[in-house]
Each structure stands twice: as structure tokens, then as C-alpha cells.
Amino acid sequence: MFNWFHRLGSPRTFFAMTSSWHPWLLGLAACVLVGGSVWALLYVPPDYQQGNSVRIMYIHVPAAILAQSGYMMMAGAAIVYLVWRIKLADMAMAAVAPLGASITFLALVTGAIWGKPTWGTWWVWDARLTSTLVLFFLYVGVMALRSAMEGREQAGRACAILSVVGLVNLPIIKYSVDWWYTLHQPASFKLTEKPAMPVEMWLPLLVMVIGYYLFFFTVWFMRLRNEILVREQHTDWVRTWVSDR
Amino acid sequence: MSFFLSSVARDLRVHIRKPSEVLNPLVFFAVVISLFPLGIGPSPEQLSLVAPGIVWVAALLATLMSMDLLFRSDYEDGSLEQVVLSGQSLVVFTLAKVFAHWLIAGLPLVVLMPVVGLVVFLEVDGIWTLALSLLLVSPTLSLVGSIGAALTVGLPRGGLLVTILILPLYVPVLILATAMVQASVSGSDVTGYIYWLLALLLLALALAPLAAGASLQLSVDE
Amino acid sequence: MSFFLSSVARDLRVHIRKPSEVLNPLVFFAVVISLFPLGIGPSPEQLSLVAPGIVWVAALLATLMSMDLLFRSDYEDGSLEQVVLSGQSLVVFTLAKVFAHWLIAGLPLVVLMPVVGLVVFLEVDGIWTLALSLLLVSPTLSLVGSIGAALTVGLPRGGLLVTILILPLYVPVLILATAMVQASVSGSDVTGYIYWLLALLLLALALAPLAAGASLQLSVDE
Amino acid sequence: MLQVKELSCTRDQRPLFSSLSFAVAPGELLQVVGANGSGKSTLLRCLVGLYTGFEGEIDWQLEEAPLYLGHRAGVKASLTVRENVTWLARLRGVLLNPDDIQRSLSSLRLDGYDDVPCSRLSEGQRKRVALAQFLLCPNHCWVMDEPLSAIDNRGLEFLTGRMSEHLDNGGAIILSSHQPVPVDRPVSSVTLG
Amino acid sequence: MLQVKELSCTRDQRPLFSSLSFAVAPGELLQVVGANGSGKSTLLRCLVGLYTGFEGEIDWQLEEAPLYLGHRAGVKASLTVRENVTWLARLRGVLLNPDDIQRSLSSLRLDGYDDVPCSRLSEGQRKRVALAQFLLCPNHCWVMDEPLSAIDNRGLEFLTGRMSEHLDNGGAIILSSHQPVPVDRPVSSVTLG
């Protein structure tokens, strides 16, 4: 079992084993996303309060959920890398950081766009918003560190340490921000915890969330393969792979 | 233990040789704080409303700014290599450096605090709580900051990067500490906050030197 | 002129080699600004009161932090000696370095400003004036900052010292600029302020490179 | 004392050395020679454990870590000569008494500089401060990267004298140098590049 | 080319040299010798004008400032080899064409490193980058502080060859070095300390 794990951990084996995956992944993600979007944009009835602006939810909520999952993936890869020194984990980490940051940024932007019609302002210092912003800064920190250390063999391990430290801190941040918000000011705007949505609203949302996950995974996967090629560009197997194409 | 003590002594010597080392974070703190009345307008009511926040942010920045160079000179002149080779624990080394740094840059801030508080029109209760919270928090700040300093030690321009890496991690401390001051100004009980801040301090004490030590080990590997 | 251009090109190369060089002051700016609401509290009214102050202090700090290292690496690796010996004008050299630094670290701040303004609840009028005033002021900040960077270039830990030396010099700029924003929010005419800021910029352009150049000359004499 | 087997190292896609095997016995001086950029410093750093980007096996038959002097001397500019020496010894767990320090400083011709901060020393004087640890800490193996550069002729004589003594006492020395090392002991060498 | 009269210098209450007088004529190589800390670097810095804490008279009969290489090489770590060389020449008002650069880099055995940032070079390679300016900028006088340290033997041969050429063309060289400089021209020397 461990042997198999280790073999998969070799970038070359991984690359060879997965070379036929991505058309399938891409196709599946596209189907679910397009299907979900069509459903959400055309068939879901407008909200009685918010009207059509509620449809931003189908972009915003999955993005916000993925923003956090992305960090988990990054930190997970970081732990694997720190403990077992599997190079592939470092590449996975490098591949997921910009993606996670983009998704977080998307959540921030769509949230802000949604905020304008519903709250009348682009931004409030609400607990959830703030912790998403901090999450974004954490991603940016990891990326900034990697970019600053570019070309050093230790970049990966340094980023891994930082990601893990961030992971320890993330729940504390979330908790304290929640507390901060409730301490300072009665909630004038509230992101309801679990809105009592009708089924015809949350089912397409679920589809969209699944679609986002598939999409995220697919892009991550392609970036990972790309990263493998870049890092191993001077090895023989990459040279022959390139010349075979 | 003797390695800890001799490291602390060495660092204190390095710092104290230049009195400006001790004074700079203080002056930085004071200057940043005194810029605010200029930027905001001097009305006392407004100022005292925002005072704890401003004081806190200035303290975070002062810590980080002076933190940035914690390991830098040891890296550049090769002392760090020697420590790594000597087989002494990097965790102890980090602890010693952070402790010396805190004595030099953290503690004076705590002492300066009441004065600064008066200047920005905090009420007198608030000031003592402010000093107490700073006393509890500033070691945490130094400990967490040392991770950033260790991660960026080999990079040509660490300063800004450290800030970017570490400030987001300071969020919980900032929130708890300002909440504590506000609670004390409004007359509530602050014991809960004290426990919280202590818990954070212990967490930082346990984990930060590990992370910083591992990063230092990385930095000499070239 | 060709020396000016080649110096600018060299510096841009040094900076741009790492994209993080360009982004770091921006991220620093954003991180510092978002700390304030955490410290002060989220209420839009309070925040918009202190917003110009916060934005300004963050901009000053971002400039100064990145400024500190303006001449440092040239001093440490001996490039500065070579410039002094080559007989090229140190004033031109300073101008070139400041210009490159401003392109990399100052200009992006001006561009980021409107977004940041929204986040801390400045009114829309205020935001444009803020961006305009920052556009006028940021070269002045860089020029004046270069004096501090040049004075401290030979010292082991310049960072904080630069801040302390230079922040007081920034006071007039800060006062004028916030007054300008306040005036525009309250609907008054801001032309007068614009002239004033331009005058300060010209003054800095004329004097700062002279002072910085002279300090650089001193720093290699050892 | 040291067994190296099949050591290979590649930096930036440039192979530096490959399948390098050698051994160092007590009383032996091994000189690493090679052109600039051939990987001498890298090899020494691999040996002491400061660079881990290699393949192969390095086997020290020693309890303590060897003493190492690299291109960066490990001398802190803002501390005085005496403070630097004391600290370097302290790191190795050696507590010096003032007389020892005095003696070794004067044999390195640094007497009178005890309380001068190292930032005010000349290039060669700073190197001498770094070399003091070899005189002061008992250790079986010395790993030295160009120990003789920046040192004047009398200093060189003194140093090689101490090296011979160290070898006689059963110690080993691994060093890199562009010039021949004038010790009156047999010198084995590894050539890179 | 250079006339020095009654030069004296004291640092930290330590007299380094006093009433030093010498002259350097075209085609002459002057070697400054002395123990570590005797003031060689200080003297060279006085000569080129980088240190002004001296008394006496230094009279250059030249229009241009001499080329100088000190203990700090003036090589920027984050720029590539080619960028560094181009900039160093640019400073002297020399615009290089790529072929010249290529040629001098390969004679310094740095070919293949043109686009490598200098932070990834070895000690000796970095020194070679700093030495490139002497090959590329026409100048009557070279002032070099230990130009031969960290350079390997082939590099040393090459350098001394170029020095001889420079002297033949009527240039002058003032350098400090602990080892003898193997040029086949008469070498005059100033001894300090």
C-alpha cells in the first residue's frame, strides 16, 4: 500500500498514469457547470425580496465554499510534503495556491457586487466578509513567499511551513472575527446561517457547488501536470515526452 | 539552558551597543500614533473613539518592523550556519532571540503605553487595561513574527514581505486585545479576555519556535 | 541623460525580476488598511470619519518601508562606490533611483486608491480627490524619503530609523493632503491645495536629490 | 573518520561532481582542488550537512560535528573580537577562560584588538577571528573553505604550523584552496571539474 | 601618472602609515604589501578618493578616475552576469556591443553564465564578474585590492597576462596582494606596517 503511494508520489509515474484523465474531467465539469448555470439563470424563480439579483448566489456561494476548501487542500499537501518529503505534494501545493486565491477573489468580488443591490454598499466589515478577506491575504502571503524565493530549492518547504501555520490560525481567526462582529455592533446586515430556501433554489445551488468543485479540481489537476513538466523539464522523460508530441 | 542564556546575552549586547536600537521602535510607535491626529483632525471625542484601534495597529507595526531583522544579520555573516552546525537546538536559539528582542523592543512599548494613551485621550481605566493587554500580547506578537522573520531571512528584501505574511496572523490577537480595552472602558469584566490572550500566548510559545526553527534550518541549506 | 536612463533601466530590472517587488507595497497597503477596522470597529460612520487618516498613514508607511532599501543593496555590494568613483553625478543617480522606485511602488498605490477608499467608506467625491492628491504627493514622499534612505544607508538597521527621520518631514504634506480631501468632501474648491502640493513637489524635486546625493557621498567614505 | 560513497551533485542543471568516493583517516589532510565554480564549496557544505541537494552517502565516524569555516566567516560585525570568539566557542559547548582567549588572540596577532568591534577590522583580521575557533575548540575534524585567502604570509606560516600539529594529534583536515598548502605532511587531494 | 607626497593616516588612534611618498609612472606596477591590518586597503581607498581621513597630497596626472576594485566587488546579486558587466561599463561611459561582452566573458571562463543571476555564482566567479570591467573599459590606471584572491590558477595566469598587456600599453597598476604577482615586468613595491 505504502509502496503504491510512494510510486504515485513520483511525478513521472503520476504524469504517466493520469495522462488520459483530463478530457473526462473537463467534460464532466463543463456539463455540470453549464447545466447548473442554465438551471439557475433561466428556471429558478426570482426571489420575492431580492428579485433577480439573487442569481448571483449561484456564483458567489460555491466560490466562497471553495475558497476554504482550497486552503485545506493546500495545507493538506503542505503537511504531506513536510512529513514525507514527496515532491509531488510540493507541486500540488504550488498549483493550488493561485487557483485558491483566484476563487477567493471571485467570492469577494461577487459578494461585493451582490452587496450593492441588497445592502446598498459594496463592503461592510462583517465577520464572514472579513475572514474571507483574511483568507485571501493568507493565500497571497504564500504566493508572495514562493515568488520571492523563486529558484531556491527550499521555496517549497518554506511555503509548506507557512501554509500549516496559517491552517492553525484559520479557525482562530474565524472564531475571533465572529466574536468581534457580534461584540461591536448589533448585526444590521446578516448573512443568514442556513436560509430556509425552497428546494427549487437550493437544488441548483448544490449542482453549482458540485460543478465548482469539479472545475476547481480539473484546473488544479491540469496546473499540476503543467508544474510537473516545468520542474522536470531537464529530465530525459520530459524531453522524450515533448519530442513524441 | 546555558546555551539559551548565552544567546540571550549575546543578543542583548548586539542590541544595546546601539541605544538607537532600543529607542527606534518606541519612536516609530510614537510618530505613527501622532500622525493620526494630523490625518483625522484633533477633536478629542473622535480620537478617543478610535484610539485603541490606532494604538494597537501602531504596536503591531512597530513589532513587525523591528522583527524583520531578527535573524538577518546572523544569516548574512554566517553565524546562523555555525549555530546549525554546532548541533544546538534551533528552537532554543529562536526562543533566545525572541526573548532578547522582546526585552529590547516589546517591553519598552508596554511601559510607554500609558503615556501614549493619555495623548490620544483614552480614559484612565482604559489605559491600564491597554498596558496589561499589551504585556500579554507583545510576546505573542514577537513569537509569531519570528516565523515570518525566519522564513524570509535569506531574501534580499524581507521587510515588506514579513509584514504581508504575518499581519493576517495577528488578526485574532488584535481583535481580542481591542475588545478587552473596550470592555474595560465600558466597565465590563475582562478576566475572560485575559484567559484567551494567555491561551494564545501559550499556543504561540509552543508552536512558533518550532516553525521558525524549521525555517532557519531551511535557510542555510544552499 | 543616458546615465539617467540606464540607471532607471537597471533598477527596473532589479525590481521587476521579482513580481512580488511590485505587488508587496500594494499588499502591505491593503493589509494595513484592513487592520484598522478590526481595531476600531466595523461601524461605517466611525470608519468614514477616520478613513482619510488611515489611508494616508498607510500610504506613508508603505512608501517608507519600501524606501528604506533604496540604496542599501548598492551600498552593501559596492556598486555605490563604483558610481561615486565613475564621476557620474550622484544627484542624477538619486533621481534615477527615486524615479524607478516611484514607478514600481508609488504609482500602483495611486491606482489602488479608489478601491481602498470604497472599502473604508469614503464618499465617492472624496475618493477621486484622494487619488489625485496621492498622485501629486507620492513623488514628493519618495523624494523626501530618499534623503532618509541615503542618510542611513551605512547603518546596519536603517528601516526604523528612516521612518523616524522622515515621518516628521511628511507632516506638512499629510496636513495639506488630508485638508484637500476634507475640502472636497465638504464641497469646497481644491485648486488652492493642488497648487500647494505642486509647489511642495517642485521644492522636493529641487532639493531632495542634492541632499541625498551628498549623503551618499559621505556614506562611502570609510 | 569519514567515508564518502558515490556522491553526486547537480546545481542549476550543471553537474558538479558525480560518483565521488573517498575516505579521510585520522592524521590526514585532504585538499579539494578545482577551478572556480567547480563545486569545492558545495562539496564541503555537503560534507558538513549545510547543503542537502546531493545524492550518495556521507558517513562520519565521529560523535561531534566537525568545525567548519565557509566563505561567510560567522563573525558578527557589531560584537568585539573577544565577544565573537567567546560565542563561537560557547556554541561548541566550550567555556573559555580569559587567558586562553588572550593567548590565542595574540598568536593570531590580534592582541590589542580584543575590544574592537569586528566592523572596524581589516579583511584579513576578520578572517583571523573566524580562525580562532579552530585553535580554541578541541575537535577531530576541521573543514575549511579557503582558509588561507586574505591571510598574510606570517599568518599563513602560523596556520600551517597549527594544522600540522592538529594532524599529528590524530585530527583530520578537509580544506579547499587554490594555492598549495605548505604543511610538511602528505596531502591527498580530490580534484573537481 | 600619480604623485603621492607625505601621506599619513591614522585610524582609531593607530597610525597606519606616515610620510609616505612615492610615484607611479606609466607602464609601472606598484604592489602594496604589508601584514593584515597594516593599511593596504586604506591606502588604496585614499588614492582613489574613497577615504578622505588622511593628510598629505595625492596628485593624479590623469583626466579620468582610475578603475578600482575593492573588497566589495560592486556586483549586484540579483542582476545577471551580463547585466552587471553592461552596467559597470555604462558607468564609465562605455557602451558595449554584445560581441565584446561575449568575448570577455568567455576569456574569464564565464560563458554559459551570461544570464545567470550573480547570486548563484561561486565566490571566484563573482570576482571574475567584477574583474570584467578592467578588460572592457579603457583606462590608464588600475587600482586593485587583492585582485588575485579567490581566483583559480588558470584565472591567475590569464589575469597576469592581461596585466602585462596593460603595462605594455603604457597603463599603470597599483595593487595589494599577499602573494607575489607573477608578471614578467619589474614590480616596485610599497611596504606598510
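Order of writing sets the chain letters: A, B, C, D and E. Residues in each chain are counted from 1.
FYI, a contact is a pair of C-beta atoms (placed from the backbone, for glycine too) under 8 Å apart; a residue touches a chain by one contact, two chains touch by 3 or more.
Please read all numbers here as calculations on a predicted model, not as lab measurements.
Of all chain pairs, the one linked by the most C-beta contacts is B-C. Here chain B and chain C face each other with the same set of residues for the most part; over half of the interface numbers are shared between them. The chain with its Cα centroid farthest from the Cα centroid of chain B is E. In whole angstrom, the spacing between the mean C-alpha positions of chain C and chain D is 46. Centre-to-centre, using mean CA coordinates, chain A is 32 Å away from chain B.
In this assembly, the C-alpha centroid of chain B lies 25 Å from the C-alpha centroid of chain C.
Here the CA centre of chain A is 49 Å from the CA centre of chain D.
Chain E has residues 71, 77-78, 117, 120 in contact with two or more other chains.
Counting partner chains per residue, chain C has residues 18, 20, 24, 27, 31, 38, 41, 73, 156 touching two or more of them. Residue positions of chain A touching 2 or more other chains: 134, 137, 140, 144, 148, 153, 177, 180, 184. Across the complex, chain C is touched by residues 48-53, 64-66, 68, 70-79, 83, 87-88, 90-93, 117 of chain E. On chain C, the positions that touch chain E within their shared complex are 3, 6, 10, 13-14, 17-18, 73-74, 76-79, 81-88, 220-222.
Chain C contributes residues 18-20, 23-24, 27, 30-31, 34, 37-38, 41-44, 47, 118-119, 121 to its touches with chain A in the complex. Only residues 20-21, 24-25, 27-28, 31-32, 35-36, 38-41, 46, 49-50, 52-54, 56-57, 60-61, 65-66, 68-69, 73, 156-157, 159-161, 163-164, 167-168, 170-171, 174-175, 178, 182 of chain C touch chain B when the two sit together in their complex. Within the complex, the chain B residues that touch chain A are 147, 151-152, 154-155, 157, 161, 164-165, 167-169, 171-172, 175-176, 179, 182, 200, 203, 207, 211, 214-215, 218-219, 221-222.
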